[in-house]
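Heads up, the next two complexes both have chain A, just with different partners, chain B and then chain C.
Up next is the complex of A and B:
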């Protein structure tokens, strides 16, 4: 076929799950291509690696809670993946971050034994297992959390230090807010624009000097997550040094600067291992032969491109990305490969309920998979990430854990089952 | 207990009640207005926004048609800033009886509704998404009216003339001495503070709730038949003209372009409870199917939000309990001195939004007679605050402003282009801690993202002003999230479901509002 490209594996989707699968396939020696219509949820998310935060009680130790969850919900992705896969994928991730050349010194800290409790931009405390070092200073999961000063700027509409500090105060943490002027060229500037300023050492020095004048005796400084785009570790460490105390980042509204760093880390891991990333064209059709997907096609300017492979990893997400759709006649579709879904409410049962904070009946819908996370009716398709059924990532605080573990599992499964590369996988 | 004394007490802060307060203030009377919730939070705020030309009633109810066109012309003048002159089409679709069109044209002539038949090809050039199968098209002077803007302009105008406007004050008792009503006791929502209001005349403008208020005054037989209808807002203006089906009034036969969205309405079901806001899934499906008949790609567009409104239909002898559309749309003014021998009490109900000014005029003319000095009505010519230049609202006004202020003006709600200064000014002016009040004033959180980005920002700003506590701010934030969800979940599909997921991701994932201390405490049963 004209324009057909052949790979050992094609990954659809460039979120945390897809990039993890792609990078690990490439590291295992597979010729891999990741195709995606755009970046995934990284750019929206706090970029912490949440493994399990709520069950629904707040989880102190994900390792223990994972076992309980698996026993309670045998259809949950974690039950299918197993704790060791989760743990191994976290180890891989930490190594991938630290060996990446793109952001020297930037690293993640933490493990499965203990959740951090990080302040959110509204001042709630959110549990997360593995977090950027630049956020770890905000950890409140200690007996006597040190006092904090939350720093905001009226120039940044996406972070409100006063509300954050006031809610931390209600949680028993000594917290105060200060506002510091940041000159902007446009009133609607977001954290991405701000982060570029923090890359500039001279600007940073001036900022730190102005901030120092406003600080009291607080032991820690919380700031919106925007401390540097190119060299976040350098910017963060420099600020800590200049201010003489711990500084930590607080994730806020999208676009997410730490999420963009996370994307960069995973993309760089994929490329270093020789994988290819094609971002932009959307998969619009597929060719199937019996129970196997043979190729997928993307539409792009001028021509369609066909990607053929013995294995596919579907990491295209769920309802949020549009990969799974509920149409106006209330029918659901897996839009990429036309695969069957699981977890749908029975006919006549409500799809959603009126209580905003309750779990929604549609929340656990995903692509139907077997115990190895292979799609039902498509034996050479592994499903990874938010397209998996059985989880409620944003309520459980499990999204990145599932993404890393299922992406890793998909890579391992494909490598183990494609003869030519079995050696590389071992 | 606090007490007030006034000439006129108005119960009900919808368009009619606020119109009565504005009319009374212009006539120079001292007036107090109370509503159990915010102004225009009941029926007035829950309609599709159509300023009727009268065309809809031209065949079926000629008197209503005449009233509509008369009021339409007046409101374009005195409430210009609240009205967008979008114009209207009556179109004969393949689903409509073609014979109605001639009856319609004649009805418009007979009722003085300006009506011009145009070539369907011309209409399709103006509105390319319309059903290409339309066979006849009539152009009429429909418009849209921002009811919150209108009501608050009247309230402000009345306040400038000394009126006291008390939203969130529910009537707990009507004071009656023998055969005379002389005021009411109200209780502040949230504060619990009670105020005794002594009034020479009390106006019951409680709309669909007027029967309940009349009961409190010991007056029997004021039967208001609530007719519940659903409306759905689509995420952009599929049409820029109000589009009506050229047929006898029925369900789902109007699409009104309103600010950045368009709204399809409506159904009509009898309900016993005017506070019944449930949205039957079958009516949603029906409305979407009806939308397809006017705009064939309707189901592909994003449905943002669904809500219900309750028409206050005053029962007459001919009406049956279940066919509410056949009950008269004309308003009913009950002078209880004549009707029941009870002095100092007047009920105004029924009617429709387009005729609220006329209803207020009729009411105050009767009240003025009671007060013994028959002062003239001024609302026909006196512009509302903000409408002094008599220029109708242009959709691009906010965008034009923004483009001139790219550097200096921080936008808090991108969908509706609400700048920070405007938000801060409105919070201060209303002296409110309720973000939902601000939503109605500014259309904050009413666009395609339904508050995904602006609710956190607005909460942060609200907290920063005037030392609001974190508890109050958190409640306000969560309340608005829940209020948004209420109108979203029954119509979540397609891209709007993606949007809702993004919003959930932000509020429950990134911000984790569910686990804020106040919210957590609220969730635990006592």
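Up next is the complex of A and C:
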């Protein structure tokens, strides 16, 4: 067919789940193509790997809590994936970060045994298992956390050091705020522009010298996550050395600089293993034969491009990305491949409840899958990430853990079974 | 008929999909280096709500958008940010008037026809510092900006004397102005590669695609130009439903495929619809041939280390980077893939005196990567980007098909 290319596997979506599946498929020797409508969730998220933070009580050790969750909710993605898949995907991720050539020295620390407790931009404490080393110094899950100095700048409108410090104080942490002037040329300077400044050693030295004058003896330094775009490890280590104390990054409102690093790490892992990435076009149609998806079509310029494969990984997200939608007639759809959903409230039952932060009846909706996370009615489609049913990532603090583990599982399953279908689409 | 077409309404309507996630702001090469452009989100989906057709434009800063299109590529919600900005720039130009410079440098055909017969003299002028200073004062073209040298011969003349052997497997070739006046050898290589793979290459009468006019906001002139291209190519395409158009100038093929219809509101023109559907970028076509087992792979080793930069306009095709897949077929060729976003030139943007410094700052990431890679040459699908890269790094830049041509031993 004109406009058709054949691969061993096609991945739809370029968030953490899709890029993980794509990179691991390519590393396993598959010819893989990742297609995505745009840049994924990475640029909006803190880029910590949250495995399990609440069940609903705050989780100290994800390893133990994962087992309890699996027993309690057998339909939860973690119950289907199993603890070892989660642990293995974290090991792979750490290695992928450390072997990436683009940001030397940048790495993640932590494991499933315990959660860090990291300050958010508003000074709340958030549990996370695996975190960038540049954030780890903010861990408050220790017996006697040292006092902290939150450093902000009036030039960065979206981070308020005073608010962050005041709320940390309410949580019993000795915290204060200082403001350092950063000269800007635009009123709406964001973290990305700031991160570029921190890449410049001379600028950084000047910043550190001005900050040093305002520091007390025993304080740790918390700063918005913008310490370097190109060489974050270098910028962070240099600041620690210049200031003679721990410096840690605090995730910010979007755009997320550590999220941009995460995207680059996973993108580069995919590319180094020989996988393709096609960014821009939405999947607009698909061809199905019985219980199998044969190809998907994207709206590339001028004519549709068709991508055929014996296996597909659907990592297009859930309600947040628009891949699952609730329309104005209250019907719910999976928009990419038209797959059946699970977790919908019964007819006549309420879809939402009045308390915004309560457990919402729609919250666990996702693509109906079997025990191997294959889509119901489409046996060659593996589902990964936020499109899976049974989880409420934002309440559980489980989004990245599910994304990494389900992306890894999808890749492993396809690699193990691709022999049976090799050449089927040729 | 309403002033705006359906596509234009859809495009403008896409701003309602903006969730203010700021992903485009992380990607914009211009706003990341210059405060003169406040960024795609601000300028596009936000400011567009305040633009009313007959009233003065809300903010002249939209003229600092280079039109690279990376914002639309990255947007996860499908907002047509670059396209909205392109139309806003056109309305601004209508209100403020078009500078003489923009009327001249956007017409490669005029320049080419004047410069080609007098190439030695014209090239001396381009290389002459005093002449460039005068050019900067009078025409507002920056004295240091990358400017190509006239080849002194035209590709179309060569093609007339080198007809393809009749194989019956026909393909139309759109060569663009860069090949016609400045790099005719690129067109010769395209034809030889296609002929090597059994194609009978037809070079219809043709001219500029109108992209420079469109990107400088001269929409009416751009429409006249591209509609003529439609009239030239459509008869061939109607006669043979399997006939395709291929081009090596990736920004021109994107113009034929999508930008003319979408940005210039020409979606109703049947000739352009046909041309749009049948146009292929050369690397896109060759990769598809390879997928079908129809590409000859009698490649000899090319033992070189090259750097590849996929230009913004190539990325705008939404087909990934087919050049990289083709490079992988060539034994011995080592490729470093850059991850910088833009070289800065954006067609004619970086030539303009008020934008030259911005363009060079935009490209700084790329130029640094090229130098750090240790690669010998740079491969890049767009001619203006190649000229900019060579201008900034001093390194030779060629179209990706050059390596296929070498590997075939043609």
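Definition applied: the second predicted complex is superposed on the first by the 418 of 426 C-alpha atoms of A that agree within 3 Å, B and C clash if a C-alpha of one lies under 4 Å from a C-alpha of the other, contacts with A are read in each partner's own complex, and residues count from 1 in each chain.
In this text, a contact is a pair of C-beta atoms (placed from the backbone, for glycine too) under 8 Å apart; a residue touches a chain by one contact, two chains touch by 3 or more.
For clarity, every value in this text was computed on a predicted model and none was experimentally measured.
Once the two complexes are overlaid on the shared chain, A:322 sits against chain B and chain C alike. After overlaying the two complexes on the shared chain, residue contacts for A:354 are found with chain B alone; chain C is out of touch.
Contacts of A:124 after superposition: chain B is touched, whereas chain C is not reached. Of the two partners, chain B and chain C, it is B that touches more residues of chain A. By the document's definition of touching, of the two partners only chain C reaches A:302; chain B does not.
Of the two partner chains, both chain B and chain C are touched by A:188.
By the touch criterion defined above, A:264 lies against chain C but remains apart from chain B after alignment on the C-alpha atoms of chain A. Within the superposed three-chain model, A:44 lies in touch with chain B and with chain C [touch as defined at top]. In the superposed model, A:289 lies in contact with neither chain B nor chain C. Of the two partner chains, both chain B and chain C are touched by A:254. Counting contacts by the rule stated earlier, residues 44, 185-186, 188, 254, 321-322 of chain A appear in both its interface with chain B and its interface with chain C. Chain A contributes residues 41, 44-46, 54, 58, 120-126, 155, 157-160, 162-163, 166-167, 169-171, 185-188, 251-254, 256, 318-322, 325-330, 351-354, 356-357, 360, 393-395, 397, 399 to its touches with chain B in the complex.
If you check the complex, the residues on chain C that touch chain A are 21-23, 25-27, 32, 35, 38-39, 42, 72-78, 254, 256-258, 276-279, 287-288, 291, 315-321, 324-325, 328, 337, 339.
Residues 285, 288, 299-300, 303, 405-412, 420, 453, 456-457, 459-461, 463-464, 469-471, 473-474, 477, 481-482, 485-486, 489-490, 492-495, 497-498, 501-502, 504-506, 508-519, 523 of chain B are the ones that touch chain A when the two sit in their complex. Put simply, chain A touches chain C in their complex at residues 2-6, 33, 36-40, 43-44, 102, 185-186, 188, 190, 192-193, 196, 254-255, 260, 264, 267-268, 271, 274, 276-282, 298-303, 305, 321-322.
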